[in-house]
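Listed below are the structures to be examined.
The two complexes that follow have subunit A in common; it is paired with subunit B in the first and with subunit C in the second.
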Partner chain A sequence: MKLMLFAPELFMLLGSLLIFFFSLANDDGKKSRSVAIATSIGAIILCFICLNKSGLLFFKAYQIDLFSQLFKLTIAIGTAAVILFSRDLKGIQEKIRPEYYLFLILSSLGLMMLVSSVELISLFIALELSSFCLYLLVPMRDDQQGLRTQMESAIKYIFYGVIATGIMLFGMSYLFGLTGTTYLNELIPKLHTLGSEPAAIAGIAMVLCGFFFKLAVFPFHFWVPDVYQGASNETTAFIASVPKLGAVAMLIRITTLAAPQSEALVTMFVVLAVCSMFYGNLSALVQKDIKRMLGFSGIAHAGFILLGLLTMKDTGYATSIYYIFGYLVMNLACFLVICSVSSKGENVTINDLSGLHKRAPLLALTMAIGMFALAGIPPFVGFMGKFMLLTGALQDGQLTLVILAALNTAIAIYYYLSVVKVTYCNSPDGHEDITVPLMTKTVSIGLILAIILMGVMPSKILAIATTAVQGIL
Partner chain B sequence: MNPSLFSPEGLAEVIFLILIGTTILGASIATLSKRLIRSVIGLAICFLGVGGLYYFLNSPFVAMMQLLIYVGAVCITMTFAIMLAEPDDEKASRKYKSVSTWAAAPLGGLIAYGLSRLAIQGQWLAPAEKINSGSVKDLGMSLLNEYSMVFELISIVLLVSIIGSLALARVGRRKQ
Partner chain C sequence: MDFLILNEGFPLLSVLIFLPLAGALVALLLNNDDASRLWALFVTTVNALISIPLFSSFNLDTAKYQFAEHYEWIPSFDIYYTIGVDGISLLLVLLTTLIMPLCVLGSWNYIKTRVKPFMICLMIMETSMLGVFCALDFALFYILWEAMLIPMYLLIGIWGGPRKVYASIKFFLYTLAGSVMLLVAIIALYLHTGSFSIPNMMGQAYSSTFQIWVFLAFFLAFAIKVPMFPFHTWLPAAHVEAPTAGSVILASVLLKMGTYGFLRFCLPITPEATITMMPYVLWLSIAGILYGGFTALAQKDMKKLIAYSSVGHMGFVTLGIFVLNTNGVEGAIIQMINHGVTTGALFLCVGMIYERTHSRELADAAGIGKHMPIFVTFLAFFSLSSLAFPATNSFVGEFLILAGAFTHNKIIAAFAIPGAVLAAAYMLRMLQKVIWGGTNNPTHTLSDLGMREIVVLAPLLAFVFWIGLAPQPFMDVMHTSVAHLLNQVGVDQGPSALAQMIGK
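== the complex of A and B ==
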C-alpha cells in the first residue's frame, strides 16, 4: 500500500498539527509535551514497521529505501530521546513551550524528508524546513541573565546557515547546468561520464558545503561553540545530535554523485578531516563550559566521519553510518546528564559536575560511559567506530592521515577523562543532590545499553548499513 | 560570429548586458554603501536587474513576481523598518581596517577568478531553445505535478517562519 511508504512522515505531520492547535490555546507545555512524546514514539514504531519498504513517491522526487528508512528510524529515536529527557523544558519560557515542541517535531520531519529526497529542489526545501526550525529554537531560550546571548548565537547561526545554503545552491546550479536534470538517479550516470571535469567537481564540492555546515566540519564550524553555549541545554542536545544524521546521509548521497576515486574530492576530504580533528580537539582542551567542550569535540568527530567518506566505497560509507549512529547515542547520553544537572536551565561548567557519583549515581555512570565512548575506549561504540574508520582508511592507503587521526584520539582522551575524573574523584562540596525522574532514568539506561551493545556487536548494524548503502550506489 | 548591434540577437545581447550591469551595480551599492537606507535602495536596484534576467530567461510571470514581491514589498518593508528603528548612521559606518578584511580581498578575488574560469571552460549543456511558454498555466501545472511535494513543503516552511517570528516577537515584548 502506498500510504505505508509515507506513514512515518504523515504521522509526524499529524502530531505537529495537534501541537499547533494546543499552541493556539493557552497551554503551558504539558499537553503539547504528551503529544510530542506520543508523536515521536509513534514515529519510531512506524519507521520500524516500514523499515523494509521501498518505492518512489511524488513524481520520483521521493525515494523510500533501506538507506532512508534506517536514517528515519534513528532520527525518530533521537528526537524521542531528546523530548523524553528534556522533562520540564527548564530553559524555555512557559508561554512558548507548545511552539518549541512544534518546531522540534517539524525539524525532525524536515530531516526525515531530507534523507528520502532524491531531487535537488526537494532536497533543498526539506533541508530548509529542518534548518528554519532549528534557527528558531535557539532564540527561544529564557533570558535569565538578561544578556541576550541567545539572540547573538541565533544571529550567528542564521548567517552562517544562509551562507552555507547559498554556496550549496550555487553548486546545484553547476550540476544542473552540466547535466540538465535535478534528479539524483539521472545525475549519477551523467556526472560519472563527465569524470574529472573541474566544473562537476566544484559543483559537487559546493553542494557538500551545505551539509558540512550541518555536520560542523572545519571551515563551516564557526557557529558551533557560540550556538551550543547560547542555546538552551535541550536545544543544544537536539542540534548536536539529530541534524548530523541527516547531514551524513546527504553527504553520502552527494559523494556518490562524483566519479569513483576522484582525486580532488579525496584530497578535499583529507584536508578537511585533518583540520577538523586538530581544531576540534585542541580547542576542546581548554574549555570550562561542558557544552562548548562537547561542541568542539563534535567538530573533531565530524573529521572522523569524513575518514569513512573519503574511501568512496560502500564499506567506508557503512562505517560512517555506524559511527554517526554511535555518535548519536554517546552524545545524547552526555546531554541527558547536562540537562538533568542544570537545575534552572542554566549552562553547566565542568566543575558543576563535581561529586556527581554521590549526588546522582546513575547520572554519573551515564556521563562516564558517554565520555569513555566519545574518547574511544573499548568496549564502547566509539572505540569500534574509530577502529573501523582507521582500518578502512589504512586499507585505502592513507597512512599519514591514519597516524594523525590516531594522534588526535590520544589528545581527546585527556579532556574526556578529566570530566570523568571530576564526576568521580572530586567531593560534592556544596552542590545539591539531584533527584532523577523515572522517565530520564529509563532513557539513560536505554542509552547506556545502546552504547555497550553497539560496541560489542557491531557486525549486525554494519551489515544493515552496508546493504543500505549498496542500495543507493 | 558577432551579430550586428542592430540585429535582434545583437540587441538582445545589449539588453542582457544592461541587465547584468544593473544587477551588479545594485549589489555593489548594497554592500559598499555606509548608510543602511542606501543599501536597501541598492538591493532594490539589484532585484530589478534580476527580474529583468528572469524575463530574459523566458519566464515573464516569475519576472513580474520578482518585481511585485521583492522590489514592491520586501524593500518597502525594509525601508519602513529602517525608518522606524532610526539606526544611528555614525555607528553604522563600517571600518575597513582589520587584518581579515585585507586577507579576504585577495582570497575572494581568487575564488571569483577560479569560478569564472570554470564557467568559461566548463562543458555546459547547450541551452534549451524553449521548454515551455513560461505562462502561469505551465507554472501551475509543474507546481502541482512534478513539484507537488516541494509546493506543500514550502507552505510548511512559511508557516514555521510566521509562527516563529510571532512567538519570538511576543516573548521580546513581554520582557520589556
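== the complex of A and C ==
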C-alpha cells in the first residue's frame, strides 16, 4: 500500500492542519499543545511501524528506505521530547502559541521530507520548508527585557541561512550542469566517473555547505551563539538538536555522490573538523550563558561528526549516525534542565544552576549525566560515539587528526565539568526550589536511560545504522 | 583464547563486579539513612565473602588468566567482554573487596548528609575498580577506568572539605587529561593487532618507534594515577579534601591502578620501550621517594603527611617494577597490597581523630595518647608498618624491592635508602606528637574507640602482621605470573631463575 509509505508525514501534515485551525480560533495554546503532543507521538508510532518499508514516491523523487525511516523516527522522537518537556512555553506569548506549535510541527515535517528526498529540487524544497519555520520560531520569543534581541537573532539566522542556501543552489547548478540530471541515483555513477574533476568537487562541496550551516560546522557557525541566546529556551532546544539529524543525513547522502577517496574532499573535512573542534571548545570555555556554551559545544561536536564522514566508508557513516543520535539525547537532556530551571522563560546562566542538586535532584542528575556524556566520559553514549569515530579515523590513517581530537576532549572536559561543579558543589545561594512536573520527570528519566543504554549496548543501533547506510551506497 | 581458563558454572568474577552496581540500583529505592548504610555494608560484605574462593581455589601453577569469562559485546568493533584474574591482579581484587566494607563502616558517622547518594557512589566505585583489575579487553578496561572518575569526583566534590571544589576538579582534569592519549594508543594497538584483547596485544612485533610512542602514552596515564613525581600534585589536594572513605579508596585502590597499569600493559606490550625508558623511570622513582619523604617531614596536616608519604611509597613500588627482576617485581606487587592496607588504615585513623576534634592538624591532636590508649595502639602499629619496621608487612615489600634494586644497580638502590630513613623520621615524628605531644597540649575530652571503629581497624592490623610474618601464601600466588611477565619482557635472568638453573 503506497499510502503507508507516506503515513508519518501525512499524519504530521494533518496534525499541523488541525493546529492551524486552532490558531484561527482564540486558543491559548492548551488545545494546540495536546494536538502537537498527539501528532508527534502518533508520528513516532507510525515511523516505528513503517521502519522497514521501502519504495519510491512522487516520480521517484522521494525514497523510502531504512536510512530515511530511521532518521524520521529519531526526528519524531526529538520533536516529541521537546514538546513534552517545554510544558508551558514560558518564553512565548499566549496568543501566538498555536502558531508556535504549528511551525514546530511543520519544521519537523520538513526535516522528515528532507531525509527522504533523493532529487535535488525536492531536497531543496523540503529543506526550505524546515528552515523557514525555524526562522519564524526565533522571533516569536516574548520580549521581556525590551531589548528585542530575538529580532537580532532572527535576522542573523535568516541572513546566514539564505546565504548558505544560495551557495548550495549554486553548487546544485554545477552538478546539474555536469550531469544533466537532478536525481541522486543518476548523479552518483556520473559523478564517480568524473572522479576528481574540480568542477564536480566544487559542486559537491558547495551543496555540502548548505548542510554545514545546519550542523553548525566552522565556518558556517556564526549564527549559532546569537541564535541560541536570542531564541527562547524551547526553540533553542529544538534548533540545537533535531535539524542536526537532517543535516547529518543529507551530508551522508551528498558525500556519497563524490568519488570514493576523493582527496580534496577528505582534506576539506579534516580542516573543517579541526577548526570546528578547536573553535567550539576554546570559545565554550569562557561562556557564562549556558545556551551559548552549548552552542559552542555543538560546533565542536559537529567537528567530531565530520570524523565519520571523512572516512567515506559505510562504517564511518554508521558511526556518524550513531553519534548524532547520541548527541540528540545528550543535548535534549541538557536543554530539558535549562527549560525547567528557567522560571519565566529567561536565559539561564551557569550560576543559576547553583545547588541544583538540592533544589531538584533529578534535574541535577540529568544535567550531570548530560554533561559527562557530552564530554565523552564512559559509560555514556558520548564516549562510545567518540571512541568509534576515533577508531574509524585512525583506521583511515588520520593520526594527527585523531590526536588533535583527543586533545580536544581534554580541553572540553573543563567547561562541562564546571557546570557539574555548580550543580553539585555549590550551595543554592537563595535560588528557589524547583518543582518538576511528572511529564518532565518521565522524559528526563527516559533520556538518562537512553544515554546509558545507548552507551553500554551500542551494537544494535550500530548494526541498524550500518544496514541503513549500505542501503543508500 | 588459549590464554584464558574459562570459568564453567558460577560466573564468580561477573557477580563480584556487578553485585555492587545492582546494590546501588536497589539503594535508589531506599529512603532512610540507616537503611542505606546497612544495605551498603551488606552488599560490600557479601562481595568480600564471595571473593574468598578466588584465593582458595586459585591455581598456582599457571600464568593463564583464571576464572575467565568471554562474551561478545560489540562485534563490529571486535570488542568483547573478557575478564579474568592472574597472579598480578588477584591480590588487588581481594584488596578492593576487603577495603570496601571497611570504608562503609568507617564513614558510618562521618557522613551525615545525603547518606544514600554517598553509599551509591561507593558501590559504583567498587564495580568500576573491580572491573578495571579484571578487564582483559582494552575497551572494557578504558571504559571502567574513565567511568570511575565520575563517582570519585562526586565523593570529593560533594562530601569533601573546604577546598573540595578545587581538589575535585584538579583530580578530574589531571586524570582525564592523562588518559586521552591512552585512548589513542589503545586504538593504535587495536589497528595493529585487530582486536582489543589485552593478552593478544602482548608479545607482538611492534616497531621500536611505535613502542616508544605507545609506552609514552601509557606512561603519562599511569604515572599520573600512581602518582609519580612530578605528576603528583593532584594527590595531596584530593587526599586532604576527600572524606575518609574517599581518601581510603584513593590511597588503597586508585593509586594501585597506575602501577597495575605498568605491570599489565607497559611491560608486556612494549617490552623494548620499557627497557629503553627504564633508567629514566627509575630516577623518577628515586626523585619521588626522596621528594615524598622530605615533604612529608614538613607537614603539619596529618592527611597531607600521609598523602606525601604515599608519593614516597609508590616511588618504591615503581622502583621495584622497573628494575625488572623477580625480587623487584614481586616486592612491588606485595608492596602495592601493603600500601593499600597500611595507608588505608592510617587514613581511617586520621578520620577517627577528625570525627572527634574536627581538625586534621597535628598540633590539635597532640597528646591524645592519654585519652585514647586503644586508638594510639592501632596508630602505632600502622605507623610502624608504614616505615617498614621488621615483622610488619611493608618490611617484606621494601626489603624485596631493595634487594631487587641492588641486583640491578647499586647506585640507584643507594639513593633509595634515605627514603626508608625518612619514612621512619616523619612517621615517628607524627607518632610522638599524637601520643605524647609537648608541654602545651590542647585540653582534650575524647572518648576512645568504639566497637565499630575497632572492627574497622582490626582486620587491617591482622593483615599487617599476617603479611609481615608469613608472606608465603601471598607470594605464592604471584610467582608463576611474575616469571611469565619477566619472560615476556625478555629479562628472565633474575635470581630465582638462576637458583632454578643451579638446582638442575
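Annotations for the structure displayed:
Here, the second predicted complex is superposed on the first by the 473 of 473 C-alpha atoms of A that agree within 3 Å, B and C clash if a C-alpha of one lies under 4 Å from a C-alpha of the other, contacts with A are read in each partner's own complex, and residues count from 1 in each chain.
By definition in this document, a residue touches a chain if its C-beta (ideal position, glycine included) is under 8 Å from a C-beta of that chain, and two chains touch if they have at least 3 such contacts.
Just so it is clear, the model here is predicted, and its values are computed rather than measured.
Contacts of A:407 after superposition on the shared chain: subunit C is touched, whereas subunit B is not. By the touch criterion stated above, A:125 is placed in contact with subunit B alone, subunit C being left untouched.
By the touch criterion defined above, A:294 reaches neither subunit B nor subunit C. In the superposition on chain A, A:461 makes contact with neither subunit B nor subunit C. Of the two partner chains, subunit C is the only one touched by A:425; subunit B is not. After overlaying the two complexes on the shared chain, residue contacts for A:383 are found with subunit C alone; subunit B is out of touch. Residues 20, 23, 57-59, 61-62, 93, 95-96, 99, 102-103, 106, 113, 121-122, 125-126, 128-129, 132-133, 135-136, 139-140, 143, 174, 177-180, 194, 197-199, 202 of subunit A are the ones that touch subunit B when the two sit in their complex.
Taken together, the subunit B residues at the contact with subunit A in this complex read 114-115, 118-119, 121-125, 128, 145-150, 153-154, 156-157, 160-161, 163-164, 167-168, 170-171, 174-175.
Partner subunit A is touched in their complex by these residues of subunit C: 73-77, 139, 142-144, 146-147, 149-150, 153-154, 157-158, 164-165, 168-169, 172-173, 176-177, 180-181, 183-184, 187-188, 190-191. Listing the residues of subunit A that touch subunit C in their complex gives 315, 357, 372, 377-379, 383, 387-388, 390-391, 394-395, 399, 402-403, 406-407, 409-410, 413-414, 417-418, 420-421, 424-426, 458-459, 462-463, 466.
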